[in-house]
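Below: the structure, in structure tokens.
The chains carry the letters A, B, C and D, assigned in the order they are written, with residues numbered from 1 in each.
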Amino acid sequence: MLRYLLGRIAGALTVVVVVSVVTFAIFQLAPRLTGANMAFYYTGKATSEAQAAAVAQKFGFDKPLPEQYWTFMSGIVAGRDLSDGVTEVECPAPCLGYSFRQNRPVLEMIGEAFPVTLGLTLGAAVLWLLFGVAAGVLSAVRRGSVFDRLATVVSLIGVSVPEFFTGMLLIYLLTSGPAWLRLYPDGINYVPLTEDPVGWFAAMVPPWICLALLFAALYARLTRATMLETMNEDYVRTAWAKGLPPRTVVGRHGLRAVLPPIVTLVGLDVGALLGGVVLIETLFSFPGLGRLAYRAITSQDLPVIMGVTIVGALLIVFANLVVDLLYGVLDPRVRNAR
Amino acid sequence: MTGTQAPQVARSPARLAWRRLRRDRVAVASAVVLAVIVALSAAAPAVCALLGIDTERHIELLSLDNVGFPEGAFGGMSADHPLGVEPKTGRDLLALLLYGSRTSLLIALGATALSVVLGVAFGLCAGYFRGWVDSVLSRTMDVLLAFPVLLFSIALLVVLGSMGNGNGLRTLVLILVIGFFGFPYVGRLVRGQVIALRQREFVEAARALGASDRRILGTEILPNLVSPILVVATLTIPTRILAEAALSFLGVGIQPPGTSWGQLLGSASHVFTVTPTYMLFPGLTVVVTVLACNLLGDGLRDAFDPKTN
Amino acid sequence: MRLLISAGAVAATLVAAAGCSASADKDKSGDAAGFDAARKGVVNASTATGGTLRLGGTSDCDSWDPAATYNGFCWNMQRLMTRTLVASPGYGDPARTMKAGELVPDLATGLGESNADKTVWKYKLRTGLKFSSGAAITSADIKYGFQRMWATDVISGGPAGYFLCLLDTCDAEGNPAYKGPYKDKNGGLRRIETPDTQTITFKLTSSFADFDYLMALPATAPVPKADDSGGTYTRKVTASGPFVMSEYTPGQSVTWTRNPQWSQDTDEVRKPKVDKITLTLLSNPDDLDARLKNGSLDLAAGGGVQPTFQSEILSSTSLKANADNPVSGFVGLFAIFPTAPSLDNVHCRRAIAYALDKRDLLVQSGGSFGGDFAATLLPPAVPGHDSKANAYPSGADWTGDLDKAKQELSECGKPDGFDTVMAYTNSGSDPQIFASVQAALKRVGIQVTGKQQDESVYYGSYIGAPANVKQQQLGIAAIGWAPDYPSGNGFLSLLVDGARIQDEGTTNFVSVNDDVLNGLIKRAGTAPLAEQAGIFQELDKQTMERAIYIPYFYQKFLLYRNPRVTNVDLRADLGSYDLVNLGVSDGK
Amino acid sequence: MTDLLSVSDLRKDFGGVRAVDGVSFTVRAGETLGLVGESGCGKSTTARLVTRLLEPTSGTVRFDGHEISRYSERRLRPLRRDLQIVFQDPIASLNPRHTAGTILAAPFKIQGVRPPGGQRAAVADLMARVGLNPEHYNRYPHEFSGGQRQRLGIARALALRPKLVVCDEPVSALDASVQAQVVNLLADLRDEYGLSYLFVAHDMAVVRHLSDRVAVMYLGRIVELADRDTLYAAPRHPYTKALLSAVPVPDPALRERRERVLLRGDPPAPGQAAVGCRFRSRCPRYRDDLDDTQRDRCATEDPQLSDDPSGAVACHFPSP
């Protein structure tokens, strides 16, 4: 078990390192390719030549890429001092870089944005699990019923509507639509949970719905298919034949078979969403990781882009790892097979 | 097993699937809808000419006083402009949708083709050869799956998009980025199928006859992958459509004066509380297309593999 | 050239309209003064004091160090805490009339006294001036503030370019001998003399009739040597004005409180009312609009509202009554490069001027509330602006005169048009501007392809490098241009002065070196301010005749003010509210 | 008679489990060797090792004068013409995407053989030979019945006129009524073409019908190998006895007389290091007939296959 655990952790770390190397390389090479001003990319200021030279010197643009990468990575552990050619700043460990446009360490910005994304993701996950799995189970149990057909149609539509379109429709209806639907006449504005829990919840509901609609549809389809497959297995037929109450059969056999794929999927989806709910956060202008990254990308705030991409990969990999470990604990075959 | 009288015409599995598909009314309807959309976009210039619309700017239809929003109700809907006109440019929305469909479908199909080709190549090799080949290829796909793909695509597009001008290059970059990041899903599926197939006895029979790896892959295994690949491709197209829409929506994909479904939705995201119709029509087009693709994909899957439902 | 206030009305970043509702028509309490009232007079004049003014912004200043900022909204904010020898007036007087380019004394007792050839300028300081530290403000502090600008390795980003070679001898490459107070060991800048604590004399290397305008730039504010922290001065600015920065969280918020050392008796420009001013920085412009609308913020510190809120304001009488629509000072214009194929012929350049669809361009820039049609390079706020001139009439509806354009094309020998390349940045509405030009010129057969470039390098090394312009065969370039001070010198001369052609970073983008234009610029250098207007009007006319720059709009901001704000007045030079004099009616 | 196939001390491990554990036997030209045993005893693995569809862990396989157990696939290819296999599952062994014609033409294509009269004629001839209608050339496997499919499999194996055909349970997936037809077909073909078979099955009756000699496998080992008549008449290993006693006997009178040998107990867990006779846990003789000294021998000493030309047996205390 220990070997399995260590193996998975080593694998996950490899992935993070690969992602960070690729990210780093791309954002180092890109400005060179486009002929843009490197110092500008790093500091976001229309720098004078002297200033640009000072920045280049401080960041070591002249050094080989592997050395620059090493400096960046060791900064995460040891912290580093940075400069935009004017202001010396200290970026304490763990230093993921410093945004001179925002005059803040990247980690601090990520730390501030993460709770927003966490709230969005977890809230939506609860909703989609609740509705998705329930609808899937009911559909499978009452296969062919009106409910099943309706759920199938709704879930198909659900997976076919882009979440930003749902989002725009919702925003339109809730802020500018017919009077009886205009529940948010002042707009949907994010409020931190610690400041105003009720306001936070009210603001979260529309984006939750957008995300949950999409994922609930996916989960309902998956649950239904898995349940149906399981219900056709011999041991479940036997259970029916034995005259066990439906609740027991569904609960003991059906749900047990549905759980592993759902756990896997939840892990992956939550991981991916934590890495950045870009579309929804941008549309609703919630100050989460996704919007942080998106704004950094469009304003070419390089340190932030690198920081968020690496943290995003870390979250995805971490979620994968948790799923893997859960599997290892739940299913001894897995750890033996590896 | 015995007993049934075999008809004279050979019923290949594909023919049987086709027959089942034809009986699936939902799938047939979806296919018709898709065919209409593809035909309309392919013949966009002719259709526009027929309807008397074009993608020229009609500034005279816009309010100079109101930030360039169309004059008149419902985004400037009129007999001349059935779906209204685009804010700020006055271009006919229907014409934009038709031309935008070309870009969106081109990108979706191109990216799907790339995903499928890469996925099949990786999956075939990983599944058939196993061992270190499998380890290397599977790990590569795992790493790609762990990428924060959307963020990464945005960043790549910002970087690559600034290298040149014009939507031609952007279209190509979009196809490459979307297609590349999508291939591990196809690759995993193909790998699983190959692993299952290579243990089948007909593969052993071919080996017993002395068939080479290439012949086994090409003649024995690949024909059996056609239907899962076809199904996965059909079900992949909608996700590629949505990916293009998402990236263009965020403003890093197709840019004006070029147009695509995502670009239109992205432009609409600035102004949809003022002109909701500008958001509604492109959005509905995406939904209908994606839905039709999904329904057809489901139908194809059922037709090829009647056991699952 | 002043940087455009970030995320202003012309910037079309991806916006989400979450915060906006098109149909919320509920009346806000308070007396609405009416649309554009602040352009006509002071709105809500009041003598009530106290309370907090809550400002919002979408980005932090490039620097709060007066010497290191080059951003319109930051220059406006500097007025809260720093003073200069002279200043543009803040009236606070309902009966005042606005005069373009007017200046009043601030720290000095009067405007500068100069010699005949405008090379020596002398100012006398008022008495009783004090810094927030309690120290007296002397002529040495003003000189020290100047000297810092020469330390370009420590302090950069400000308008130092005006001063470096004007107040020091430069070598052939344009580098001054003086290296700033941190490196200099020889007693400072010799051309600035401070015979006593109240007197300061500037001895210029060349004639400069506009020197008073330079003395109104925030970069000339006094800095006490004892408090100078070099590159980090942005975090703690010693105030000479009525407010002092008391809290600053970079990128998030700034708070100013009253400077107890400042005395109303020494200041005729500022009449502060509130006790405290806060600036909340929100990264999303729509969030800012939402907060303006719901009243949790009073004003935007700079720039106009976003298109969605703009549309909302215009469709609601109650909102509109609390909005103003001043000219920002920015001019949208195109450089037409005579170095490009075909465009070496003036008739081909004129064909472009006639064929442009200015109505379309204005729509792209926010419509009639985003700007006014422009026919001359000098904007209305700059003396010399000729409201009747229109060298290339675009027809009654400003959509272009295609017949004239075709006529010019035939005269150019290209009756079927020609191909050319247009450069534009990737920010703001530049891509839409390009699309508009492309569509408009296509009407007369001129085919335009685009070259987009990152804004970070666009002005400096892309269109600002003549060799690059030639190599890329650029024919047209989109430019956003604003005067640093309301004179043709700080604006038009930069564009056409033959002496300003450089390998990189030139502002004479089209590399014009014309005796007529150079002669006019030279004349303006020594002419009294009163005569300058006429000279620049002629310079404008001559430039337009050559069709090397074609203006298309004078930008306007749509500003929204909370009804509770009193003494609302506009600064003609910046197109912003004069923040320092504002009060709040409810005293909160 | 020469030895066409000679297998010596063949072993195969699957991840620590020894599926085939030192198997040796020969198949002579023109002879049919039956290989019987319960499912999981390693007989199908042996069939695949012999045809080199699996790599042996150790041991040698000598076919037609070549020691093929370490041959590369390239060197093996020409030999494969002479060494063919018929699989158990006629559905799985035929590519569902290929028509009968394609399937039967594959041997010629793969081996680069141009049959006289052309491929198509050769295929039609093959189909006729195995009792299929040559007009069904374009049909897909799913359009044939189970027995017809197995005929297709047999035809494919015979296309190149091999010397040895390994039949891996060729009839066990078929209905009882069809089984006899296919077995008879195999017998006819053997006689017609002078084939040798390694006939793998779990059904003693089918094996008896075809084989000249019979080898009985138990847990990866051959426990008894003898002439068919000898073995069926007088099985010496208790396991063989047990297998034979399970064969249904049509004559009720005979059934009355025959003693039923019941196997009780479990075989040792796979992977467990075997000490002594691996059959003893289920051996009726060990349980009922032997004394403690004898049992002690069974528990400590691994019985080896005796080297007896008339019948070899791996048992310390075989029946006479």
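The rule is short, and it goes like this: a contact is a pair of C-beta atoms (placed from the backbone, for glycine too) under 8 Å apart; a residue touches a chain by one contact, two chains touch by 3 or more.
Only a predicted model underlies this, so the values are computations on that prediction, with no experimental measurement involved.
Looking at which of B-D and A-B shares more C-beta pairs in contact, the answer is the pair A-B. Separating the centre of chain B from that of chain D, both taken as means of CA atoms, is a distance of 51 Å. Centre-to-centre separation between chain A and chain B, using Cα means, comes to 23 Å. Taking the mean of the C-alpha atoms as each chain's centre, chain A and chain D sit 57 Å apart.
Centre-to-centre spacing of chain C and chain D amounts to 94 Å, using the average Cα coordinate of each chain.
Residue positions 14, 16-17, 20-22, 454 of chain C each touch two or more of the other chains. The set of chain B residues that touch two or more partner chains comprises 162, 250-251, 269, 272-273. Residues of chain A found to touch two or more other chains are 34, 36, 171, 175-176, 282-283, 298, 300.
The set of touching chain pairs reads A-B, A-C, B-C, B-D, using the touch definition from the header. Listing the residues of chain A that touch chain B in their complex gives 11, 14-15, 18-19, 23, 26-27, 30, 33-34, 36, 156-157, 159-162, 164-165, 168-169, 171-172, 175-176, 225, 228-229, 272, 275-276, 278-279, 282-283, 290, 293-294, 297-298, 300, 305, 308-309, 312-313, 316-317, 320.
Residues 48, 51, 53, 73, 76-78, 80-81, 83-85, 87-89, 92-99, 106-107, 110-111, 136, 138-140, 142-143, 145-147, 153, 156, 175 of chain D are the ones that touch chain B when the two sit in their complex. Touching chain A in their complex are the following residues of chain C: 3, 13-14, 16-24, 60, 62-63, 68, 152-157, 231-232, 234, 250-251, 283-284, 286-287, 290, 293-294, 454, 456-457, 460. Of all residues in chain B, only 56-57, 59-60, 62-69, 88-89, 162, 165-166, 250-251, 255-257, 266, 269-274 touch chain C in the complex they form. The residues of chain A lying in touch with chain C in their complex are 34-37, 40-41, 45-48, 50-51, 54, 85-88, 99, 101-104, 171, 175-176, 182, 184-189, 282-285, 287, 295, 298, 300.
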